[in-house]
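There are two complexes below, and they share subunit A, which is joined by subunit B in the first and by subunit C in the second.
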Partner chain A sequence: MTKILVVADIKQGVLKGSTSELLSKARALGAETAVVAIGSNIESLGSDLANAGSDTQYIADDASLELFSAGPFASCVVDAAKQSEADLVWFGFSETGKAVAPRVAAQLNVACASEITDVTIDGDNVEVVRPATANKLIQRIKVNTDKLVAVVRAGAFEATEGITGTENVVKLSIPETDLKAVIKEIISEAGDDIDLADANIVVSVGRGAKDQAGIDLVKELATDLEAGFGSSRALIDAGFMPHNKQVGQTGKIVAPTVYFAIGISGAIQHLAGMNGSKVIVAVNKDPEAPIFNVADYGIVGDLFEVVPILREEIKKIRS
Partner chain B sequence: MNPLFMSLLLIVGLGVFSYTMYFKIQLLLALGPVDLSGRINNIGERIKNVFILAIGQKRLVGRKREWLAGIMHAFIFWGFCVLLIRSIGLYGEGFVKGFQVPVFGTDGLIGYLYVALKDIMEGLVLIMAGYAIFRRAVLKPSRMHNTWEAYFVLCMIVVLMISDLLLDGARYNLITLYNNPEHFHFFNNPQYGIEFAWTPISVGAASLINGLSADANSWILTIMFWTHLTTQLVFLNFLPLGKHFHVITALPNVFLKSLGYPHEKPEVLDLENEAAWEDETLGINHIHQLSWKQGLDLYTCTECGRCKDVCPAYLTDKPLSLNEFNDDLKAEMLSNSANIIKRAKLASGITEDGEADKIEEIKAQMAELNSEKAIVGDVITEDTLWACTTCRACEQVCPVTIEHVPRIIALRQGQTLMAEAYPKELNVALKGLERNGNPWGIGYDKRADWAEGLDVKTMAEDSEVDYLLWVGCAGSFDDRTKKVTTSLVKILQEANISFAILGTEEKCTGDFARKVGNEMLYQMMAEENITTLNNYKVKKIIAACPHCLNTLKNEYPQMGGNYEVIHHTEFINQLVKQGKITLNKSVEGTLTFHDPCYLGRYNEIYDQPRSLLNSVSKEGLTELDRHGKESFCCGAGGGRMWMEETIGKRINNVRAQEIVDKKASTVAVSCPFCLTMIEDGMKELAQEENVKTQDIAELVADNMA
Partner chain C sequence: MKILTTVKRVVDVELNIRVNDGAIVEDGLQYVINAWDENAVEASVQLKENNSAETTLVSIGGDDNADMIKKCYAMGIENGILIDDPALAKADSAIYAKVLQKVYEKGDYDLIVTGKQAQDTDSGQTGVMLAEYLGVPCVSNVVSIEVVDDQKIKVSRLGDMGTEIVELTLPAVVTVSDSINEPRLPAMRGIMMAKKKKIETMDLSALGTSIDDLNGGALQSEVVEYMQPEARQSGQKFEGAAADITAQVVNLLANEAKVL
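Right after this comes the complex of A and B.
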């Protein structure tokens, strides 16, 4: 029976949804599931980890692991992978996952695949699917090593409802601190916001919002949708939005399931940052705005009128 | 006067000077090599440049802005040139009483004219030096730093002039007042009269001391004689020590100026050379990697600050002040001079057939001699290096033809290729180029979508056409610029021009990759494009983007791509002249033009766009304050289009404001970067309804009869 180890995605002590998505997929493949959780004061997460769909929980809990550091985190994952004899080690799509996965693969001397969107297991034969050359090609890759470390693309797998595992906690020994790089502090500008790169839905606001009041209005739409909140460059240059919210050529490149472009004309510099989105919804009062050339749904109108209606309708559907 | 003292003075003065110069030249020779074929060809043109730029001081006198300072400098310089002959006479006098320079020192017409000219020049130099001191002390132009060095040199100039005038004044008094003509030489030709009738200023100086006794006048004469010559030798020795070195180096620097292209083209780096990667010799990371011409540039920089006064980065508060940049590099070069010289000696010991062990040993010794400072990071900051838009405004105004931009590109090559330290936001654009041949990374297969339904052929369909239309990435993918492309197509079709496009076979020329130092990616793009172009045997290209134009026309020949490349404004202008299209003067309101750097300063295309604009405008073209050679960059050149501009004011907003202040209702551009930047600026200023930003091709297409 295939054994799959999922690396839990924990942010500020809370288990993120991607962990149960990965575990659900692992169970659907008929694998034996284990999860590894690394952090400080996370022992209480044991039952959450089991409920997310794991049969064994490897937990490395120590004050030294409070801040993310790739070296020690990789050691913990390698330790868990060896103990669980995992055939596949999966990371959810996050900056930390991308940093740790190659280290783990190297230490285990196995293959590593990034941004996979599907996995098929046929006996010993494991194949993964991943997009390549800016989403233009879909690669189907047969894995030649007996084990594989993989980073799963955001939203690739869905969580199955009503799934449970069994609580069987194994404590991991705490690795030595990585002396080559010590993380002293993590500075994050807007801690409670949803990370743009991880978000399933992104709402972005542009010059059409004019000022802070307009931005706040659009931000409420993002909050309603539990969406990441981004911006085109104009509002960042004007000082209304921080630079880490910029979607576009020189900012973040996003590819969510749904992208709302509110008051954004769609200059090519912006399009370069979001045209990989699955569904694009645009609101702009200029019917000639180039954003409508890439939008799947377009609303020609003033965002100050359209956004409140959108919010209302979304509330209705949700209730 | 006193041959012994004269000999001593000359031996010390010239001896110390030669010693200083020996080390200065030795350091230059220890720096990197220069391809001389591009530096000493066309001797005639070079000599002409020396006469116009160096001796004629064209960039000082010929600039409307600051013409007064230009006149000041020029007269001081010309004054010194004139005085040179007089000085030879004085040195001779030190040895032989009554020594006279042949021709100029004889009492023929030339002799008289020379003394008159010398006299007036001395007066003028004195006035100009006085003005220079006043300007530094009171007017304080922002571009200059006030150093003791500058005042010291000005004071020496004043002393030189006053001493020589008083010397002649005392001579005049001794001859005319004390009736002592037989002791002193002077012209007295029956045809031209007495010498002093020709020298009003010396006579004026004489009147200041004519109340003194004969002895006193005689003393003054002797003291002024030695003061003048001593000061002159001190002045000569002071020159190489600081920024006044330009007095000596400007002439060779102007002589060696790049011809044909405004500055040295980036070197086509040999990226297959493994040793170059291993020894980290690609681009410039350490001071010893400067070429000797770049070293000469640094010697020649006078820190006048004209460069920063026109620099879009400096004027919008970026940390790039070119004269300080030069000064910092010069200080680093001089403080490492001993090691640079040792290093060069070691390097000469490496021969092709040398033993591998021996070579490794020498290389290790050489590495020990590297400066402890990395140029970028320790000598200048990263922000300084990446602020440059490569607009060349600095080079265009530099009176001594310093080539700043190639040095900046070489430093960027060092950062990008060796240190892998470049602005990370460039990655998306570079990756886009690598994978899809355009900086936005849009699928290459969509490159020709704009042409659908326009009846435009591709070369693949028919390569037997007269012209290839090079569309460029913006013209192919950017919705705004696509309108320019379709306008251009409309014009070409109206004039029945036989042309085709490359369609999906076209790729970015690699311009911005090269300007940010990614020579590897540039060469990849260039090779692919040149192969495509040569396969179709393309001869004539119309380029719709000045950056494409510049790369195709000036940089592809380095890699075997030789084409006749013409910008669309040049081409349309030809069509109008040939009567193939007729224009209506129907553009209302104030029309102005923003010169793109790569069209103007790089390729000297100034008149054709203006001719077209005058043909479509009712009122005629209104020039911006900064136009033509001194046009102000939009902020997007040199890869800046693909980087964030987070420091200071935004360059495009400053330019847009300048256009708004001219009360323009339309601003014409002829570059897709300028179009984006200026239009964005107008939006930022909430002026997009009042000032339309349009490419010349659009204005022409809309106003054809």
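Right after this comes the complex of A and C.
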């Protein structure tokens, strides 16, 4: 039986949705499931981890693991991978996963695949599918090693309703702190904003908003919709939006139910970060903007005129 | 400080890429420096300008990499190494990382700077694996590099919880984001000087290794098929009075797409 180890995605002590998505897929494949959780003060997550669909929970809980450090984090995953004898080790889509997965693969001396969207297991043969080349190509990849470490692309797998596992906690020993890569501090930009990765609706703003006043206008739409608020690269380079809001190939990859692209022209690097969204709505002055090639609903118009009407109409239809 | 910058020649993703029978159609493709590696080159040149470092780049590929290497010279890189060996025609991230390990070991470098991923594969593995093989610290997705002293650098990285400030003991590997800088356009003088500069070309044996040392060239994974992604159905585009078309779209979102 295939054994799959999922690396839990934990932010500020809370288990994120990607963990149950990955575990649901693992169970659907008929695999034995385990999860590894790494952090500080996370002991109480045992039942959440089981309820997310895992049958064994490897937990590394120590104050030294509070701030992310790739070396110790990788050591914990390798330890859990060995103890669980996992054939597949899966990370949810995150900067943590991208930084740690190649380390784990190198230490286990097995193949690594980034941003997979599908996996097929046929006896000993494992194949994965993933986008490449700024989403212009899809690769089908054959795995030649007996194990695979992979980062799963955001939105690739769906959580199954009513999934559950069994609580069976195994405590991991705590790795030594990496003295050659010392975390001095983490400057949080996020505040209490809705996490883009988890948001059901995402509203993103682009160059068309021009300045802070335009951005604030679009942000009000996001607030009304309780949506994650993102940005195209232009406003980040111009210093108007923080880096962690960037949606695109080089920033966050999102796949919400609805994506509003407001004043975004639709460069391929941006499209690569959002074209997995279920429904895309675009507002742009330029009828030739490439964003309209991917939008399900395109509004050709000035965002300064359209956004207030959009807010009004949404309020009306929701009441 | 001795800096090694790795650069990859990749397909230009701005152009159309076609697939036929599971393979990429070579006809009509153009090749450029990987965009993130161009940021790595710029970061390395800035470190040289501000901290009296020596800069060397390495690339793996054929002699058609020469134009790209000359462009990096024109941007300010001082030395260039090309690893050209037919045994590397098919390679994966692990093999590239092992080849780069050999290059590093020959040169006694303090810092390796590379792009966080290559735009042809979008994998982002080689730099991190290289650090693992070397047993040196590594930070990925870096947006600033500051030299502390001969032994240490301080970098900032965009992580899941915000911007992480990390102090690294050299030697170390950093993989850079495109947010780190805006690569310079080479000046005419640099371009003229670059034309005369040599590229040190080596095969695996000149590097002191062989394909047998690289696990016989066995691939840990390999692409067996390329496909073109299904294009999104282009939807409905509305033009006209803003009030009318916006109301229409909201109505469709609620009643047709049922997502509001």
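What we mean here is this: the second predicted complex is superposed on the first by the 212 of 319 C-alpha atoms of A that agree within 3 Å, B and C clash if a C-alpha of one lies under 4 Å from a C-alpha of the other, contacts with A are read in each partner's own complex, and residues count from 1 in each chain.
Everything that follows uses one rule, which is that a residue touches a chain if its C-beta (ideal position, glycine included) is under 8 Å from a C-beta of that chain, and two chains touch if they have at least 3 such contacts.
Just so it is clear, the structure is predicted and the values come from calculations on it, not from any experiment.
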Looking at A:184 after the superposition, I want to know if it touches subunit B, subunit C, both of them or none. Which is it: first, second, both, neither? second
Greater subunit A contact set [subunit C / subunit B]: C
Go through the superposed model and pick first if A:268 touches only subunit B, second if only subunit C, both, or neither. both
Tell me the contact category for A:293 with respect to subunit B and subunit C: first, second, both or neither. both
Return first, second, both or neither, reflecting whether A:138 touches subunit B, subunit C, both chains, or no partner chain. second
So, A:250: does it touch subunit B (first), subunit C (second), both, or neither? both
Could you tell me if A:70 is touching subunit B, subunit C, both of them or neither one (first, second, both, neither)? second
In the overlay, answer first, second, both or neither for which of subunit B and subunit C A:207 touches. first
Shared subunit A surface residues [contacts with subunit B and with subunit C]: 133-134, 136, 237, 243, 249-250, 268, 275, 293
Mind pulling up the subunit A residues that touch subunit B in the complex? 133-134, 136, 207, 234, 237-238, 243, 249-251, 253, 266-269, 271-273, 275, 290, 293
Contacting residues of subunit C [partner subunit A, same complex]: 11, 13-14, 17, 19, 24, 36, 92-94, 97, 116-117, 119-125, 128-129, 131-133, 136-141, 143, 154, 157-169, 172, 177-179, 218-229, 232-239, 242-243, 245-247, 249-254, 257, 259-260
Quick one: in the complex, what on subunit A touches subunit C? 11-12, 67-68, 70-71, 94-96, 98-99, 101-103, 105-107, 110-115, 127, 131-145, 148, 178-190, 236-237, 243-244, 246, 249-250, 257-258, 268, 275, 278-281, 287, 292-302, 305-306, 309-310, 313-314, 316-318
With touch defined as at the start, can you tell me which subunit B residues reach subunit A in the complex? 425, 428-429, 432, 435-436, 439-443, 474, 477-480, 642-644, 646, 650, 676, 680, 683-684
